[in-house]
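These notes open a run of structures that come right after.
Heads up, the next two complexes both have chain A, just with different partners, chain B and then chain C.
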Partner chain A sequence: MKKRILVIEDNPMVVKSLEFKLNKDGFDVTTSPDGRDGLEKIKSESFDLILTDLMLPFISGTQIIEQAKTLAPNVPIIVLSTSNQEAIITNAFSMGVSDFMTKPFSPNELSLRVKRTLGVL
Partner chain B sequence: MKTTNQFDQQKETILFVDSREDHKNAFVDLLKNTEYQVIWLENSFKAIQWLKNHGAQSVLLMVVDGHIKPLSSFQTYDYIKNELDLNVPVLVVHEQDDTPDYSEYPGLDYIKRNNNEENLNKIKEIASQQLEFNGYNPKAYSLNYLREVSDNNEEFIASSMALFLNSVSDRMNDMKKAISNQKYKEVSEIAHNIKPSFAMIENEAGRTLCDTMAHSAKEEEMFEMVNKLNTLFFELKEQLQTDFPAYDAL
Partner chain C sequence: MTSHILKNFTPEYFVTLFGEDSQFIKIGLIICTLFIVISLFLMVILFYARYQKNKLNKRKDKLNNLCIDFITTYLFDDQINKKRFLKRFSRILKNDFYKQIATHQILEFSNNIKGESVEDIRDLFKELNLDKFNLRQLQSHRWEKKARALFVFSELSIPIDLDEIIGLINHKRIEVRQQCLLYILKDAKNNPLEFLDRIERPLTLWQRIYIEDSLKNDYQGQIPDFSIWLEHQFESVVVFAVRMIGEFNQFENIPKLEALLNTDNVVIKKEVIRCLNKLSNEAIIPGLIQNFKNETSGVQLEILNLIENNGNYEQFLTLLTPIIKAEDKVKVTYFNMNRMHFAKESALNGDIVKFALSEEPMQMSTV
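Up next, the complex of A and B:
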């Protein structure tokens, strides 16, 4: 069965690229355009991995991570950040995220990091 | 060749990152008949700080000792590429008996210490490629990144360009409304949101403007920056519509 990945990201171009690349790598991808929708999906569905932006409409990425660590503690999280967010990324790591990637992501690096986090390398 | 730590931004520059002065002297000697400016930095932290302060416009290459500290050569390369968002090729200097594998890291390569002629050729080749990369690009955008993501899928590329125009157009309208109401935080958040879109079509001017508005612009600078970004986007839109006449969505 395909591994399920939830992508919470509000830039449609980034979402489109992530979805394209991850589908091509054989994953089942669900997307959320904002934190509120993302959190609803975490509550109602099950995923093998969450990729989330940090600055999101309605509910921030940091709040998503906090909630996800309670609702689905075993689901790894990769943070999608932009440069100049060192302090926020450090904070995200202290909350237990597995990895982070800078947007726009390198396609090969995305594949490697996702597969490594899911243990399917 | 000029060797100094007084940086001249008009000169083509190679950063040499190594704690040992004798290594630096040997490197300077290797490049003695070239026109490159060599800046010597004793550790990887200083190299990152230097790039943060000066940018990478005139830097053609960074040559790093394979045992550099506090960040290793891999970590330094990763930080420069992903955190500083700078495109600087890195050449790691290894000892003769090391056999590193950098196949998964485009932009990272190695030379063996003391292979003088071979090393000089490699340095010149990479520097020349980077000079071309840093040069003037008459087009305001590039499809290289979208091609890389999609393995040249034309449908994906065309629909991504349409998505760029539609989504950024909407956000530019939001940004203009926000600045007219002096909602600077909102302007900054929108800039943060659309920055990756400019980055994905490799429009460096748009990416830099968004980055500044998102992270460091003063309120009194915002109005002019929004106008600049709006003009840039308008010109980009015209060029895309000329370049992609077959796609109705554009």
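Up next, the complex of A and C:
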């Protein structure tokens, strides 16, 4: 059975590239254009991995991580953000995210990190 | 009572009041009719404009999605026949509007993606002839098209003939000048600030910030000797050059900066002291103390800052006499330096500064 990945990202270009790349890698990808929709999906569906941005409309990525860690504590989270400030990255890791990638990102590298996090590498 | 009065205002009442052929009523009617017609006309225009805008946005969204799909497939799908795929997409980009959207999406990809795909994005830009389209935009008479084209070439690092754009460094619109400057900086292999000799307008603060950022983060070549612009005709260029001498630690230019201390230009003088402060130059302190009372408050504050970082308590105390005649903000800074920075030395000397300043009739409530 295909592993399910939830991508929460508001930039349609990034969403399409991630969706395309991860689908090609054999994952089942669900996308959310904002934090509110993403959180609804986390509540109603089950995923094997969450890939989220930090700057999102309605609900921020940080709030999503907090909620996801309560609702689905065993689901690994990868953050994909434009922020490269040490404090933000440290804060994300202290909240329990598995990995942090900064934009601009390499789709191949992201694909490898996703596989490694899901243990399919 | 009110309704009784209103009942009297019937058409017949006005006819009786003004007469049957009253010009007053006719003009009033014409104005009312005109007002209603104009209102209706404006409402129709408003609705039409909104409808057109929605239509355009829908078209834009559709085309944006199409471009994203195309670029994603082109970049990440190894199984497609890229040549045929490209040809098909080129046919879609039939007018300037389509080309603008495609350029915008290519920029989006370029800003978000790194790695091996970056070269592919640049190739795609050329394969779709968007470089030619943007060159045409650059030659357009409209400033926003020029600025946008320069931005695109600069963001994608697409080489263009410098002779084609060097004239734009003095364009009447600041947006064009700024984009031109950014392109030159990004493209430069050496001597990135050569354009400073050609500018005919002062540099704005934002331009200075952009140039500094570009020199620090993008430029790969040798950093120029900034002292060659210390005698530039524009104050903004001199201030920028002085600042850069400090930022890039060009200690060899200290003698030239010291010579600039004799300038009558307060802005330059302040920047020179700030720069020498950064370069930890303490040799200038005695000279500055000597002339302290004749300086403006801005320069005096810079001198105090210099003494705080590179001077000693004796030099600080020498300023006690001229400080009494200085402006309040200088006195406050001096007092705070005594309390915070030289607290230890001050305590050993019986806090003469506090004593001397409290003797003054100055309003120390702000301290």
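Everything that follows uses one rule, which is that the second predicted complex is superposed on the first by the 118 of 121 C-alpha atoms of A that agree within 3 Å, B and C clash if a C-alpha of one lies under 4 Å from a C-alpha of the other, contacts with A are read in each partner's own complex, and residues count from 1 in each chain.
Just so we're on the same page, a residue touches a chain if its C-beta (ideal position, glycine included) is under 8 Å from a C-beta of that chain, and two chains touch if they have at least 3 such contacts.
Treat the numbers as computed from the prediction; the structure is a model and nothing was measured.
If you put the two complexes together on chain A, you find that chain B and chain C bump into each other. Of the two partner chains placed by superposition, A:Ser94 touches none, neither chain B nor chain C.
Residue contacts after overlaying the shared chain place A:Lys16 against chain B and chain C alike.
Judged by the touch definition given at the top, the superposed model places A:Asn74 against neither chain B nor chain C. Between chain B and chain C, more residues of chain A are touched by B. Of the two partner chains placed by superposition, only chain B is touched by A:Leu112; chain C is not. Of the two partner chains, chain B and chain C are each touched by A:Pro104.
Overlaying the two complexes on chain A leaves one chain C stretch of 111-119, 165-173 or 255-263 clashing with chain B, which is 111-119.
Chain A uses residues 11-14, 16-17, 20-21, 24, 103-104, 107-108 to touch chain B in one structure and chain C in the other.
The residues of chain C lying in touch with chain A in their complex are 64-65, 68-69, 72-73, 75-77, 105, 108-109, 111-117. Those residues of chain A whose C-beta lies close enough to touch chain B in the complex are 10-14, 16-17, 20-21, 24, 55, 82-84, 86, 101-104, 107-108, 112.
Remark: chain A residues 11-14, 16-17, 20-21, 24, 103-109 touch chain C in the complex. Residues of chain B touching chain A in their complex: 82-85, 104, 106, 145-146, 148-151, 153, 156, 159-160, 163-164, 167, 189, 192-197, 199-200, 211, 214-215.
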